[in-house]
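Right after this note come the structures.
The same chain A turns up in both complexes below, where it pairs with chain B and then with chain C.
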Partner chain A sequence: MSLLSVRDLHIHIGDNHLVRGVDLAVERGECLALVGESGSGKSLTALSLMQLLPSHARLEHGEWLFDGQDMRSLDEKAWRKVRARRIAMVFQNPMTALNPTMTIGQQIAEVICLHTSMSRREARQRAIDLLERLGIVNAPRRAKQYPFELSGGMLQRAVIAMAVACGPSMLIADEPTTALDVTVQAEVLALLQELCRDEGLGLLLITHDLGVVEAMAKHLAVMYAGRIVESGECARVLSQPAHPYTRALQAAMPSLGEARESLQGIAGTPPDLSRQIPGCAFAPRCPQAMNICVRELPQTRLIETGQCTECWLWEKPE
Partner chain B sequence: MLRYIIKRLAYGLLTIWFIATATFFAMHAVPGDPFNSAKAATPQLRENLRARYGLDKPVGEQYLLYLGNMLQGDFGISFTQENRRVNDIIREHFPVSAILGVVALLIASVGGIAGGAVAAYWHNRLPDRLLMMAVVLAISIPSFVIAALAQLLIVQANDLSGRSLLPVAGWGSLSHLWVPALVLGLGTMAYLARLMRSSMLDVMNTDYVLTARAKGLGTWQIFWRHQLRNALLPVVTELGPTIAAITTGGFVVELIFAIPGLGRYFVQAVQQLDYTVIMGTTVFYGAFLVLIVVLVDLLYGVIDPRIRLHGGQR
Partner chain C sequence: MSLLTIDQLSIRFGDVRAVDKVSLSVAEGEVLGLVGESGSGKSTLGRAVCGLESPAAGQIEIAGRPLPKRFTAATFRKQAALVQMVFQDAYSAMNPRMTLLESLCEPLRLQGKQRGREESLALDWLDRIGLPRRFATRYPHELSGGQRQRLGIARAFITEPKLVICDEPVSALDVSVQAQIINLLQQLQRDTGVAMVFIAHDLAVVRHLAERTAVMYHGRIVELGGRDLFASPRHPYTQALVAANPGAGRELLESKSLLPPAAEGCAYRRRCRFATEACRAGEPLLSDVGGQRLVACDRLAEIEKS
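So, the complex of A and B:
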């Protein structure tokens, strides 16, 4: 059984139907990558999995299991015990994700004190141990420093230390390297991969970078306008993308060594989500669009190459 | 940090010298002198008095004399209160103003910070709307009107209950303190509430507050540990001007509530052109406020590690 499985997730903010029926499954010890254009609803999906959406957002969902437990019955108080202890989050920008007026050590110790019976001193020591383990040299001194005194890469390590401090079984990382220097990006990703492998953590990794996906993820889900349009084993999806959007996304990515000029963006803009979309949301931008695409939503199908996709091209003609 | 403090204090001294000089010459530019009143009936008497207080000397010499005495901490003798030294006036009456001011400041800060936080939490909802309406009223109605209204209210309340719930004016007991302190702090409280509300709204939308929620902290824990201190930073920078506002506001409130504070003597002295008292209290207030500004800067460093560790850069 999956570590996390959620079905038919919907998020509304105001009149906008921003996430429109997402199914996700994260396995223990494996990485699921979630990719998609800016604004496709990846971050909202991630936040909803920890019940952290802004208060004016409305969340609807079907079946929702985490570690064998039905999450639908949890109230806010129960959710507070899930956060950081069982599911933890690593945010995009470590420079802003840490409180500027508290030391790194205090911030890590805080979460330990909250979820364990450790004393403040023990928690401090454990924070230092964690920092050390995550590759921060001179950890006792670093723990006493404030966020503005550390580099971005070190801060992200501290954020990761904070996330794994209470031994969660799942980690959600929302573009964990986008705000970092290229040189430290690889280090942070390697760290996440290592944690995933050694601790059996399930990892939901949100990223724009298909290269990262290829290196890290076992499974891949491609999101467009609030729906997963294609998902499956990473290797298969990337080698034989089934959905026109996945292909467009792949074509838009600069691969290593490729000249800049050959970079091709995806023409057109994402749809307006304040309106009901009866058919395939990608239709206005899809080079293979057919008449039916605009009118009716295709079913999600498991195709021969082993991935799931929703596209009329793969519907069997009756 | 030490170098920074010394620098600030040096600038402070310069400011005080400037205040002293400006007051001195402004004073001498005002037509008339303290002996215009009935007290000095004959011209001869006036001349004698002028000579006694050194007003017959050239202005330049008077200025140097005044600066010299001031350097030794001597503000001279009052022109209108027989044989009373300005230093004594300050020593006796400043504590009264200070008590009133400190209580007003406490009421204003606690009320303003709490009000601002409440308004931010219920952003655009009823508590926020009501509070912001009250803020506009409190900022736009001058304190002497509020003071008069408060006195009227006390009179009415005393009348209705048939006994003296609160004194209308005067000084001497705790019951004399609350109403003037509240009146004095009201405008500042409103100003701080508005400031706190907007800085709290900023803080509530930061990533680190989301991080705090993702840690599993509850609303109160997040408020105390993560939001309050950060939201206070912009409020603390305004503490200097705030204290200045309460200090000057005290002049009016002391007069209306008949409180024997330094502010009341200052207003009296201005009315009677009592040169030495005016100059002495002005310079004293100037020095006081300069010191407060430096202290507030230090306090800012205590709250914000970025300032503390980088020696006064903002």
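So, the complex of A and C:
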């Protein structure tokens, strides 16, 4: 049984239907990567899994199981026990998780004291150890600094340290390495991999960096306009992308090798989610769109190369 | 002609040398890439150019004039017309109570540019950064991370400054939107002749945009070169950086990257696989090694012979 499984997740804010039927499953000890267009609903999906959406957001689930427990029935008090201890999150914007008036060492130690039986002193030491493992040099000194005294990449690592400090069984990491240079990034990813391997951590990794995806993830889900349009084993999806959006994403990657005049973006903008979309949301931008694509939503299909995709190109003609 | 000249700039926070004796120049219309280790001083350097840090030593000149030591409302406005910044943390640089439309019109109004056309220009900019016009009435907290980052870019470029310090401006964008934005930056550079200092950790993006790139380690520039820098890195730190790029094969990964920079001699020596006793002595200076390349390593000749 999966560590986390969500079926048919919908999120509405105001008139906008922003997440429109998402299925996700995260296994113990494995990393599921979630990629997709800016604004496609990745962070909202992540926040919903921590019950941290803005209060005016409306949430619907077909199923929502974590570690065998039905999460739909938890109240806020129960949720406070789940967060940090069982499911932890690295927010896309590190400052949302940090208190500007406390040193980062204090903040990490406080989370540890709150959720474990460790003493203050042990907690402080654990905080320093974690910062060190995340490649922060002079960690004991850094732990005594305030957020404004740290660089962007150090803050990001402080937040990661805080998230993994209590040994959660699941980690949701929303763009955790965007401010890190590649050598430090390698360090951070190595720690996450180790936690997956040795402690069975289930990792939901949101990232736009396909290099990171390749290095980390067993499975990959690709999101567009509030739906998962393709998912499957990472290696397959990246080597033989089936959905036209995934293909366009790959074509847009700049490379260190060859020089190019201009990069290949995707023309057009994502759809207005305050309107009903009867067909495939990518149709207006898809180079292969057919008449039916605009009218009717294709079914999710398991295709020969082993991944699931939602696209009329893969529907067998009757 | 050189638009930005930085000469022997040092910035300290207590005993931390955030920026140490950095000299750099950026020509009009040029894109200069700035890469380097997390905490090496890139943002601090960029902020100093915008007058947001006070240097311990050294000079910054923009368009031939030294940066004022102290800012008044008038000098600040003059400076803002010349230099803008895209902040690494887009959210904290925005007024949470302003709609997108207001926050795009604000810099224009402050500088008295495009009078009467502010709103239509602001809407144009929403198109250019790929945000639908219906977002004009939204607030920053109603945006996704990448949408916010794009708003920060629009705010910096909308007044057509001469120079923009872009601090990780595309780090939160998926590759397709990133491609659109990079193309937009290139087009702006061609059309308005804006110069940029482009700080980023994604080497492929930097290589694509920047004619020249400087590599920072522990407050210093250790290597500076043209586009060939990434194909033939010569400073040992740059070599480690290029080797750790995802997709470059993980075996090459530096195993000593946790060691702190050394206080005397070459700061990189503890991690450097070529370091010898000699590296403990002098601080290597950035020197011209031919082929438009500057490298700060005293052992370069010996390393490359072997």
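We adopt the following convention: the second predicted complex is superposed on the first by the 278 of 318 C-alpha atoms of A that agree within 3 Å, B and C clash if a C-alpha of one lies under 4 Å from a C-alpha of the other, contacts with A are read in each partner's own complex, and residues count from 1 in each chain.
One rule holds in what follows: a contact is a pair of C-beta atoms (placed from the backbone, for glycine too) under 8 Å apart; a residue touches a chain by one contact, two chains touch by 3 or more.
Nothing here was measured: the structure is a model prediction, and the numbers come from that model.
Undergrad: Could you say whether A:M162 touches chain B, chain C, both of them, or neither, answering first, second, both or neither?
TA: So A:M162 only meets chain B here.
Undergrad: A:M50 contacts which: chain B (first), chain C (second), both, neither?
TA: The first partner, chain B, only.
Undergrad: Examine A:N99 and indicate which partner it touches, taking first as chain B and second as chain C; both and neither are also allowed.
TA: First partner only.
Undergrad: Look at A:A84 in the shared chain and tell me whether it touches chain B only, chain C only, both, or neither; answer first, second, both or neither.
TA: A:A84 sits against chain B, while chain C stays out of touch.
Undergrad: Scan A:G36 for contacts with chain B and chain C and give back first, second, both or neither.
TA: second
Undergrad: Touching A:G279 in the superposition: chain B (first), chain C (second), both, neither?
TA: neither
Undergrad: Taking the superposition on A as described, I'd like to know which of chain B and chain C A:D181 touches: first, second, both or neither.
TA: The second partner, chain C, only.
Undergrad: Please indicate which partner A:P140 is in contact with in the superposed arrangement: first for chain B, second for chain C, both, or neither.
TA: In the superposition, A:P140 touches no partner, neither chain B nor chain C.
Undergrad: Of the partners chain B and chain C, which touch A:V111 in the superposed model: first, second, both, neither?
TA: first
Undergrad: According to the contact criterion defined above, which of chain B and chain C contacts more residues of chain A?
TA: If we count touched residues of chain A for both partners, the winner is C.
Undergrad: Overlap the chain B and chain C contact sets on chain A and report the shared residues.
TA: Shared contact residues on chain A (touching chain B in one complex, chain C in the other): 93, 149.
Undergrad: Please name which positions on chain A make contact with chain C in the complex.
TA: For chain A paired with chain C, touching residues are 13, 35-39, 42-43, 92-93, 95, 132, 135, 137-138, 149-154, 157, 174-175, 178-187, 208-212, 214-215, 248-250, 252-256, 259-260, 262-266, 269-270, 272.
Undergrad: With touch defined as at the start, can you tell me which chain C residues reach chain A in the complex?
TA: Those in contact with chain A are residues 13, 35-39, 43, 88-89, 91-92, 130-132, 134, 142-147, 150, 167-168, 171-180, 182-183, 186, 201-205, 207-208, 227, 230, 240-242, 244-248, 250, 253-254, 257-261.
Undergrad: Flag every residue of chain A that touches chain B in the complex, lowest number first.
TA: 50, 52, 79-85, 88-89, 91, 93, 96-103, 110-111, 114-115, 146, 148-149, 159, 162
Undergrad: Which part of chain B faces chain A closely enough to touch in the complex?
TA: On the chain B side, the touching residues are 206-208, 210-218, 221, 225-226, 229-230, 303-306, 309.
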